[in-house]
Amino acid sequence: MSDFMNDTMIPLAYLFAGSCFVLSLKWLSHPTTARRGVRTGEIGMLVAVVATLFDFRIIEFQWILVAIVAGSLVGLPLGLLVPMTAVPQRTALSHAFGALAAGLVGTAEFYLSGQGADASTMIALGLEVVLGFLTFTGSLVAAGKLQGIVRDRPWVYRGQNIVNLSILASALVMVGLLVYDASLTFLFPIIIGVSLVFGVMLVIRIGGADMPTVISLLNSYAGLSAAMMGFVLNNKLLIIAGALDGSSGLILSIIMCKAMNRSFTNVLFGGFGAEDTTGGAIEQRPVRSVDPEETAFLIDAARTVVIVPGYGMAAAQAQHKVRELADALLKRGVDVKFAIHPVAGRMPGHMNVLLAEANVPYDQLHDLEAINPEFPQTDIVLVIGANDVVNPAARTDTASPIYGMPILDVDTSASIIVVKRSMRSGFAGVDNELFYLQKTQMLFGDAKTVIGGVVDELSKLPAREVAAA
Amino acid sequence: MSDFMNDTMIPLAYLFAGSCFVLSLKWLSHPTTARRGVRTGEIGMLVAVVATLFDFRIIEFQWILVAIVAGSLVGLPLGLLVPMTAVPQRTALSHAFGALAAGLVGTAEFYLSGQGADASTMIALGLEVVLGFLTFTGSLVAAGKLQGIVRDRPWVYRGQNIVNLSILASALVMVGLLVYDASLTFLFPIIIGVSLVFGVMLVIRIGGADMPTVISLLNSYAGLSAAMMGFVLNNKLLIIAGALDGSSGLILSIIMCKAMNRSFTNVLFGGFGAEDTTGGAIEQRPVRSVDPEETAFLIDAARTVVIVPGYGMAAAQAQHKVRELADALLKRGVDVKFAIHPVAGRMPGHMNVLLAEANVPYDQLHDLEAINPEFPQTDIVLVIGANDVVNPAARTDTASPIYGMPILDVDTSASIIVVKRSMRSGFAGVDNELFYLQKTQMLFGDAKTVIGGVVDELSKLPAREVAAA
Amino acid sequence: MSDALEISLYIFVLSSFLGYAVITRVPGLLHTPLMSLTNALSAISIVASLIFAGAGEATYATILGAIAVFASTTNIVSGFLITDRMLKMFRRRERPADKPTDTAPKGVSA
Amino acid sequence: MSDALEISLYIFVLSSFLGYAVITRVPGLLHTPLMSLTNALSAISIVASLIFAGAGEATYATILGAIAVFASTTNIVSGFLITDRMLKMFRRRERPADKPTDTAPKGVSA
């Protein structure tokens, strides 16, 4: 029986689980099937865990029980209470957990049966441990930066890259030595320590606004580390899940880099965004500014309005007010669309989640390719806390750090209203010509407050005879 | 050396080949990358074959050499000289070859080491052989029917399905017995024989027009059989390639069944299309008919013309004339589009290949979803040898055998000209109300001849001042 | 090359291709849920941790395993929960969407 | 379940998913080339036939193997050749295609 369980049932259960994971991600390809995807993933996970509990090697359950209960107790609040705006931190944190698990298992494996291991296994084990522990500390720092616990500005000094790279190199060299002679066990703790340090070093030097890219990268490390664990333990399910996770992280970071027109090396070693919190010096050039009341008049008179949300909307938690505004306008017969830039905000899909949370139907959200051709026919573009993603310099100014980054061509529309608190620059730390255009007006203030104001003003206006939306 | 070759190089070469195959199919997802896909597949194949030649088990090469030379001599003409219209036959033939190879290898394996085999291996072996040999004869019959060697009309008698199924069952039972007791070797030749017979029985009873579906199905069988070979020989590359091939065949047949609104069982056991060569009795109801000259006048006067090619164009080899017609019209300022129904012709993508052969750029070809909304704005639809795919009964007549099959809504256009030789029905053997509409005119004759006529008439017409295409 | 390694390589390569194929199909709209879902899924490493935590081979192994189980469980629970929470929020507009395809004439398809 | 079987199952399942993922992305335009390409690829079974044809274990095995090599070679050669022949024929129009996207105003993107 137990034999049959271990030789047949468990492998089949794992295969089933692996298939569930693939389907789970496949169904995430559309909002209407996405939740089924989650269910499927849960089922796969459940089956795999239950099957494992029948593994003959498991003889005592008390620690398992304790760990699972404790884990659930921590996981529940993390899953249910974390606000949408804190999702980036949570993601970073869970990478830390996942990577830690991989690192610890690797450690246990090394001391238990590291001596017998052949070269390839030892290499996999080494990679698992190094990736695991560096991702652990790295993700913690990233989470800290996003949460504002660790200071946001990158911590940079000359020759830093050399230092970091040599730290990493030393870790890999030691792994090499272990492959050569597994009895050099004293090296193992050092490898762990060095990896932990490197994780901190790697992330501490990166600007807060680059965290999303870093997180995705750490995501793929975590996945890779889990896959390596699979190599060490010959566990195919781990390899499958790890590879899926790894490729996901990699693809997301590539998408982000593309959308920011940056290279990995630039993100990791560029110390980019060193300026972003300092921001560009307050501009002295004149700008035309409006107040919520005027804004209400203007947009109420428009036929077509496109709203461009950015990081500022997230920072101000203004999404609900923005939704109210959109609804009010729709009711008044104005055709309202949202234009979502792939890297608007601080996380891929950031704006989509926030607006979805505020009950904006996702078919009102249009991506860059879809919306750019429409700006020329747009009467008013309302830019809410977005800056870099609407900066024409990306098209025109070859000198600009964001040159070549695909942007929303709001400057091709009839007129623009920009909501932000000051003339300060965005994450890229570059000035934005858009604000000085004749057809641009600035609506200064905290996004939530001013948009709220605009909504109130709108409600005061007399109902206009409704044009076809 | 030879060890290293066999333990490391060959597995790596196979893994490389497998990856090449995946990429090869991935790149087939767009015409611009498709040829790169072919190259990649070729590289993978080459690497795998060369690596295999280093396998230590291979000690004599003369037979290999003979076989490869002979194979190439047969393959070259099959690849270079076969006309596009004969592609379906060629495909069927190559399935036969592939399946034969699988069956023979399975046979050799059985007699060499069948005794030692465990249950699962024996099952895989059995499936490999049964699928291999039934696909072999089945594909040969299919090829014969498509080539017109074997008579096209399905060969049906009462209780046929019971007979066929029991033949298949008997084969599987014998496999079961072998799993139970491998020493019953005398069963093996019987299994082969029965499988060969079943292949014939299965396909002989299916109408010629259903062959494409059958071919795709046999395609997936061939793939499955190759995958089973991989199971037997623990060859992962075979499993990968087999699975890719199998899923491809399966998906294509599903697409075809969907597009024909038929079920597998209906295709395999329905004896559908029994009528098609007999065709519906010649209709006595009046139709309005035109000659090439009038047709030339009419389409020359039109602003927008949509050409709907069907099996008849393929049968008449009229694609080049059709291209000439389209070019002439484009030159004269008429906006010409092609509407391609997923199952127009006798093979998925049939029309696309023929028109591509005739140098029609593929961005002039529009599929069902894309073109249907445009028919209401179309002045003239020119239906060339198509019938079922434009039969409104599929939308309206719940009684019709093709009811529910998605069709090209040509009847929503301003006027229709149908090119065919008679009032005979198409593959589905159902009458077509379209031909009797007030706005429909019939242009009787062989597609190649009459379209040629229309082109000549067009050239005689005075140049019209060109409207914007 | 050991069989084990060979097999692992095959699984890894195939899964990576598969990952690429399915994940490139996830629209930007769902990239945040994607992150949290893959997160939860990769916590499958719990199946390895369980063995160490329950094998009772050596105290340190048990402890390390238990911590790993704890960490993975947190990810599983929170990951699935928050993903579902996000997805619950994505909804279509009630009134017919104004997508180009829908505004274009449809023909008289029954 | 023997290890060999387990591994084969994993490879098979993963490859099938992969097949589904890549093949559903092939447009109807290319379904005929798809058929002939998968044809050529599945002729990889030649690597098994080669062993039988060259191992010199038993005459019948050699003969069967050789025939199998012959059959597979035919498929490889003809399959790749005809696929490429077809694909060579697919070409875009020289003059700018009149796709909806192209006719739609593009904004002043540099």
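Think of it as A, B, C and D in the order they're written, each chain with its own count starting at 1.
Going forward, a contact is a pair of C-beta atoms (placed from the backbone, for glycine too) under 8 Å apart; a residue touches a chain by one contact, two chains touch by 3 or more.
Quick caveat: nothing in here was measured; it's all calculated off a predicted structure.
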Based on CA centres, what chain would you say lies at the far end from subunit A? B
B-D compared against B-C, more contacting pairs: B-D
Quick check: how many Å separate the C-alpha centres of subunit A and subunit C? 15
Centroid distance [mean C-alpha coordinates] between subunit C and subunit B, Å: 37
With centres defined as the mean C-alpha position, give me the subunit C-subunit D separation in Å. 29
In subunit C, which residues are in touch with two or more of the other chains? 1, 7, 10-11, 14-15, 17-18, 21-22
Touching two or more other chains - residue numbers and ranges from subunit B: 22, 26, 236, 240
Tell me, which pairs of chains are in touch? A-C, A-D, B-C, B-D, C-D
Of all residues in subunit D, which touch subunit C in the complex? 7, 10-11, 14-15, 17-18, 21-22, 100
Spell out the residues on subunit B that touch subunit D in their complex, using ranges where they run on. 14, 17, 21-22, 24-26, 28-31, 34-35, 37-38, 41-42, 44-45, 48-49, 52-53, 55, 57-61, 63-64, 66-68, 70-72, 74-76, 78-80, 82, 84, 87, 90-91, 94-95, 97-98, 100-102, 104-105, 107-109, 111-112, 118, 120-121, 215-216, 219, 222-223, 226-227, 229-231, 233-249, 251-252, 255, 340, 342, 347-350, 352-353, 356-357, 359, 361-365, 367, 469
In the complex formed with subunit B, which residues of subunit D make contact? 1-2, 4-5, 7-8, 11-12, 15-16, 18-20, 22-58, 60-94, 97-99
Tell me, which parts of subunit D touch subunit A in their complex? 1, 6-7, 9-10, 13-14, 17, 21, 104-110
Complex contact set, residues of subunit A against subunit D: 7-8, 11-12, 15, 18-19, 22, 26, 236, 240, 372-373, 375-377, 395-396, 409, 411-412
